[in-house]
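Just passing along the structure, written as structure tokens.
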Amino acid sequence: MKQISISETVMFYDTDCGGVVSNIAYLRFVERARSALFGELGMDVESMNESQLFPAVIRTEIDYLFPARLGNVIEVTATLVGVQKVRVTCEFSLVIAAGAGDEKQIAKAKQIVALVQMPSGKPRRTPEEWGSYIEE
Amino acid sequence: MKQISISETVMFYDTDCGGVVSNIAYLRFVERARSALFGELGMDVESMNESQLFPAVIRTEIDYLFPARLGNVIEVTATLVGVQKVRVTCEFSLVIAAGAGDEKQIAKAKQIVALVQMPSGKPRRTPEEWGSYIEE
Amino acid sequence: MKQISISETVMFYDTDCGGVVSNIAYLRFVERARSALFGELGMDVESMNESQLFPAVIRTEIDYLFPARLGNVIEVTATLVGVQKVRVTCEFSLVIAAGAGDEKQIAKAKQIVALVQMPSGKPRRTPEEWGSYIEE
Amino acid sequence: MKQISISETVMFYDTDCGGVVSNIAYLRFVERARSALFGELGMDVESMNESQLFPAVIRTEIDYLFPARLGNVIEVTATLVGVQKVRVTCEFSLVIAAGAGDEKQIAKAKQIVALVQMPSGKPRRTPEEWGSYIEE
């Protein structure tokens, strides 16, 4: 299984005047975790810059379960859950520490991603070995 | 039916190094349209600032259908499609002009929103009259 | 003189948990006004997308004078104040309506911009006619 | 002397269609470093959330010296360089590794910050001991 976790501290620019993290900012946390996951799969962001082969998000679903606040440390775990010919599916769980070693899930998300060769915009086949990372 | 459209021109800060609009930037376009829709429903952003009664997004789904680019004018249409006791559902269609009066849909989205009284964070009932805006 | 004004309504994503507009969000307002100013000068964002000739900001100064809030309508006036061989200087004034027809200045900014041909990154000369827009 | 460094990897959402990091994204890197510096001074973001005593940026100057790109690791060093009765001055240097142990400065910035008690918006005196961190 391919899975990776990253940690982010909520900054001012992640929050809005409701006093909590903006629904839009969560997508940055998810993107950072997704980039780490693709790094694990052999496609780190630095090499994308050279290859111009980019993972394009074609669908996002996100459920906001509990409000996060300034200074919270959010752990985002990204898991590769599906591999098809020209797209992959990733799931994300976002949690914060809730005292006494407990964790509280604040959001969960799913993204479908296609590999796209820029600047042509042509889709590219998913590397064959990625299929082996999916548990039957 | 409650429906409203807004128009946004894609700025540099909406794009990324793939040469197209970032998946995250679309959520700003959606938020602007949602705020206009809530204005139509009698809850404009300026009054929210006073009342501290905020629409909190509890779920987002978005499908990215076609890449938008710098300078594109995106029309976002927001429609109130569901009203329940403590939440409402909004749908969004994002299109760009495609020449000869044609339009091309670049994304579609759905958000579930709850009314939340800050700073307590308590949910508030949806105004009764909103139900009348839903077509049977 | 080349000068243009645009209007923006403060959205949730522009604010932070201090209850006011984030210092970073002002730079989006400034960028939108700068893009309008370059449009006046014959370089609109849509054509930049084709030409890959971009105005690159090489210096920003911004003074935050008064906090703006959710729902405020911010008028940003951009003025071309200097034209040199490979760079131009723009000034920005951001105001909100303060009742009874009065305006309150909330921020002022200055940016130095160079024209850069991408992807080579080579600087390009400022169009000669731009010099005529500067008042002696 | 109070000084701290943080490290950030450039993500897609930090870049724009010019292929390089957006001038606006640098302000996020600066804010993260500034928050770390205030943490060193005894005001970490988590406690600000409780105290509602926030550092409000009242002026930013930033010079963009060299374009950063997707995947670059940016080291931001923040230094407290001035302490006055109701404001402090911070300087920031942003560098990327340039091979063979060398570093390339990509931007430098200065911010003047005032401590503000929210929601009243009243300025608060700078803690007396901060003055001792400034080298004569």
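Note that the chains are named A, B, C and D in the order they appear, and that numbering of residues resets to 1 at the start of each chain.
Note that a residue touches a chain if its C-beta (ideal position, glycine included) is under 8 Å from a C-beta of that chain, and two chains touch if they have at least 3 such contacts.
Everything numeric here is computed off the predicted structure, so don't read it as measured data.
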item	value
Repeated interface matching C-D, over half of the contact pairs identical, chosen among A-D, A-B or B-C	A-B
Centre-to-centre distance between chain D and chain A (centres being mean Cα positions), rounded to whole Å	26
Whole-Å gap separating chain A and chain B, where each centre is the average of the chain's CA atoms	23
Whole-Å separation of chain centres (CA-atom averages), chain B against chain D	33
Residues within chain A bordering two or more other chains	12-13, 17-19, 24, 27-28, 31, 49, 54, 69-70
Topology of the chain contact graph, where touching chains are joined (line, ring, star, complete, other)	complete
Footprint of chain B on chain A - complex, ascending	17-19, 23-24, 27-28, 31, 49, 54, 56-64, 67, 116, 118-119, 121
For the chain D and chain A complex, residues of the former touching the latter	9-13, 27-28, 31-32, 35, 44-49, 54, 69-72
Touch list for chain D against partner chain B, complex	12-13, 15-20, 22, 24, 69-70
